[in-house]
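The same subunit A turns up in both complexes below, where it pairs with subunit B and then with subunit C.
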Partner chain A sequence: MKRRDFLKAWMICGASTTFGITRNAWGGASFEGYPERMGVLVDLTRCVGCRSCEAACNKEQQLPAPSAPFDDLSVFDRKRRPTEKAYTVINRYETTKAGGPVYRKIQCNHCNEPGCLSSCLVNAYTKTQEGAVIYNPKVCIGCRACMVACPFNIPGYSYSSAFNPLVKKCVFCYDTRLKNGKSPACVEICPQETLTFGHLNDLIKIGHERIREMPDKYIDHIYGEKEVGGTGWIYLSGVPFDKVGFDTTLGNEPIISNVKEFLGLIPMVLAIWPALFTGFHLLSTRNNNDPSKQGDSHSYREDAKP
Partner chain B sequence: MHVVRNWLIRGVLVIALTIAPADSRAQNMPDSIDLDSLVQFYEKVSFDHAKHIGLSKDCSVCHHHTTGTPTEDANCIRCHKNSAATAVVACTACHSAQPFSAETIKKNKSNVKSYHKDMPGLKGAYHQSCGGCHARDGGPTGCQDCHPRKKSGDAFYHAGEYAPKTPKNGKSRGR
Partner chain C sequence: MNKLKAQEVTIVDSPYKDPGKTKWSVQEKLLLGLTPQQYVAQALRNPFNWLLAIIFAIGLPIIAGRFLFGLSWVTDSSYDYPWGLFLGFGLFTLVPLSSSGFQLGTAVELFGRHDLKPIERLALLNGLLGYFFAVCYLLVDLGQPWRLPYPMLIAFGPAAVLFLVAWHVATYLSVQIAEVSVSFFEWIGFPMGKQAVRKITLGLTVAGIILSTLHQGALGALFTYAPGKVHPLWYSASFQWLHFFVSSMPAGLCMVIVVGSIVKKTMAWRCDDNFMKNVDKLSITLARGACMGLATYLTIKLIGVAHDNKWEYLASGWGLWYLFEIGVGVILPLVLISFAIRNNKIGLVRFSALLTIFGLVLNRFNTALITFNWKLGEWFIPHWREVMITVTIFAIYIMVYRFILYRLPILYTWKTADEPVHVTEPIKESATYVTG
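Here is the complex of A and B:
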């Protein structure tokens, strides 16, 4: 995007907000998500930590070769997060629960109201009606605002690129699979069916049904059903979520709710301030029109003319 | 000569018919089943059905209520307390090999009266069903303990001859 186009778009946005054309655009707190959106139910009680999903992601997204084989389990010795080279990772948590460690898959949760999308100043992000949160790398300017805004610390960053660093993250295999009606590559490869792909509304029902049928096996909560306004990837667990790396302090309000009133002021500031300060300037220089001072303020007055 | 040969054949038949039901209990029950849904990356599994019958005794552990033996799962008993054996008992009869294809999802959604909406696919059913007992009773639990990886699998996992040239640390522990 050219700088000129960017500033033009910003000014148009500011003007339209000021004159109330899009008043409802940032008052949409009741958005409940696209009705046909897809999602994935992740059942942590099923995962055995085989890392097949990581391998499938690497191949599907044509990511660089890993530094260790995907059957190397020594990577579990430390906690990892998604990066530019791995859009999904599995972490291992030792718990007191019988039956060994608990494995947790991390990838973009594809929020209903994504914080990354709200924070992106070049509008690179899109929430598709299929439920994926995708981004246009051609528009991304690498500002990393989305990395700060994401409540789950998901977007990775191509720190390795010296000249054109960009944000990189899981896109729900949108281009290659989801938009053609196929499940993401990680879902397809998972041997344990830890990942269940389907319509999000159905998955929420399935999750509650599993809890109802096996109350001793599951914590009575679906993480992501309500957190930060609901996410496309939702989780069942047999151990408390905060014990396996989930942030349970996020609350149920979408990230944009924290800032939308403030953000709504910014375009107005952009639209009003130029006029306001031009007015101040004209006021402060009005006295210069006094004919007695005309001689020495002539050139100055010429500059002040709009 | 003919008499002796006929008696021999009869004797063999009688012995065979007496032993066979003890080993596989009913007709058409396979002693070995080839599981080949993962042949893209793994060798097929020759599942020793006869051996597992001996180990488990109770068919319902794997076959739910479909073989006619009562299931003990409280969630199943609610409806299937008196269910008779079904015509087909193979895993593939109910568990889809493509559980998340657009067609399967559409079919499940259109069948509003279906109760079993959360039925795992074939691969999930195998692994969930086998894995639980194997972990509890000391059966094999590593991926390659049941199905060795093919060359294509090594390439997919960047393992074996496709392993990164300079491993960062630790040795590869194939499962």
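Here is the complex of A and C:
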């Protein structure tokens, strides 16, 4: 290897390490969440499955009319998930507990450290200071990694659109309401006060207060307080969470924690590999050269071959 | 073609038509030195072309339909399986099968294993085409493929693993194009270009290792975004990238063994003596490498299970499926290859190479599709149009592969007598090195 080559490699190493440091700092800090973020406390013991939140969401987000009207309760016969046409759905769970079935509302949980956001290669997602996880349709290339990364299986995709397919999910009514300090449409319409809108930190306190006041009524856990790094929408339930469709195996680490190990490795590979393998090259080829050709680069010798 | 060669038709393998002065024209080069009539006749004679024609007749309209009517027309539009066959096969399988380029490049250019030279170009081409077609699959799968350059130019998500994959695959494609361009420059008759690429070969090779390490691993790391969705036996937060990276190496080598034996059978007219004489011997050399790769892979897979203490999962139905994958896709080829190398049985080497490839395909399918969403209790069953598109793009891959092998000096050596040879220059350079 010539000195010029060595300097070149050295400069590339330096540049790549610098690049790597910015990348690492991005994923490396632990994020406690914006202090003023809003959230919603969902009390499953209060929900009666009237589906008015589904109707309000449909209207607010100008979604297409559903195939079955919102007062049709036969939709409860099967388990549903949010789709491109419905950003929130209610599922019914039969439980052994007295007092009939339990209803559970599903929508985007607006994580503090969203998996969708960290998996997006064009940064289409933003966690706003108000707590909403919003989506920029103008840059989305449609790789759907966010759908893979979402631990709650929330994002839908408008596969049927040939020319402008987009990710469709609850955005906390950010543009129309949350930005102006108003609660989302589903919260406003709920007749049972199942949904409580407020500062997330206050909601967590309210949740624990309710559990303390009525320990027989509630499971002693707020789902979403800690799950996958904490979510903006948190849940109280009278029955174990795994009986009503919640994934209780997710753990408390945000999704990005799983990926950090690999992300941290990138700058190291970029920095170490060039010297390592160029070194191997020198070690494995130098002895083959006769002394008069010392320092002769390998590619030149190739050229000299007939 | 073998018949034509037997009839002593001259096939292009040098810049000159005859020992005299006339050069082949580009059109003659494209037609391999045959007359148009001869060319068409040999193409029609080949039954494989008819098979390709049938696949294209069904598949190409479906591909057009995908862009006109949207993804929902060709896939089941699943929200729970956002990645189907296009990525499950096209990206997660084709990319590891194409790791041959960087491995042979490293062995020959970096470690000076010149005995591998006769098969190096085939390995480089295998790498280039695999990556190129992985991008083609991606273009079919992306919702808005026309925005493919966005992560490079318009919107950056540098903390995303896919961002790295996008950049690395793009960069590595350029590196591979440069590596394969040597053959193209020979064929087209542009020695300057060849010299220029030759000068940066070492840089390209090292770049190839870096990029391959990272993006082969990154494809695995992509699944660490979905810790709850991939079955624990196929998931390892700490080692996922290593599992993907290490398994790609034997698979890439075995791909060269398999392709090498296919071309030896079907394209004997195109291979020169150097290739024909060496391909069996080199297959066994590659198999040695694959053997080490498989053994390492098996070890780190077991470490993965032990590290997270997942032994109890082995007793479940998924566990049996896992044992099948490891047993038939890793242990069996490992045993067979070792036996075959020891006893110099080239046929068995080829069969176990095929088995290794099967093992890799099964692993990627298991991770991305079959065990994905194991908690939901659903199965991924692709739409028939999705299968058809996947098959069609693979058929185009084979066709392009063959088109290039027919023409560029990959399997044969370009007979050059007129290339300027620079012997003096490096000596001058080394003189400055010694004194400075």
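Following the convention adopted for this analysis, the second predicted complex is superposed on the first by the 237 of 306 C-alpha atoms of A that agree within 3 Å, B and C clash if a C-alpha of one lies under 4 Å from a C-alpha of the other, contacts with A are read in each partner's own complex, and residues count from 1 in each chain.
Keep this in mind: a residue touches a chain if its C-beta (ideal position, glycine included) is under 8 Å from a C-beta of that chain, and two chains touch if they have at least 3 such contacts.
What you see is a predicted model, and the numbers here were worked out from it, not measured in a lab.
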Which superposed partner A:193 touches (first subunit B, second subunit C, both, neither): first
Touched partner set for A:120, first subunit B, second subunit C, both or neither: second
Touched partner set for A:70, first subunit B, second subunit C, both or neither: first
More subunit A residues in contact [subunit B versus subunit C]: C
Partner chain(s) touched by A:231 [first = subunit B, second = subunit C, both, neither]: neither
Contacts of A:247 with subunit B and subunit C, given as first, second, both or neither: second
Which superposed partner A:157 touches (first subunit B, second subunit C, both, neither): second
Touched partner set for A:202, first subunit B, second subunit C, both or neither: first
Residues of subunit A defined as touching subunit B within the complex: 46, 48, 50, 52, 55-56, 58-59, 65-74, 77, 99-100, 181-183, 187-188, 190-193, 196-199, 202, 205-206, 209-210, 213-214
Complex contact set, residues of subunit C against subunit A: 67-72, 75, 77, 79-80, 82-83, 106, 109-112, 141-145, 147-148, 150-151, 154-166, 195, 198-203, 205-206, 209-210, 213-214, 217-218, 221-222, 224-229, 237-238, 240-241, 375, 421-423, 425-427, 429-430, 433-434, 436
Sites on subunit A touched by subunit C in the complex: 2-3, 5, 22-23, 26-27, 81, 83, 115, 118-124, 136, 139-145, 147-149, 151, 153, 155-157, 159-166, 247, 249-251, 255-256, 258-259, 261-263, 265-266, 269-270, 273-274, 277-278, 280-281, 284-285, 288, 293-304, 306
Subunit A-facing residues of subunit B, complex: 38, 75, 99-102, 105, 109, 117-118, 120-121, 123-125, 127-128, 131, 135, 141, 143, 156-160, 162-164, 167-175
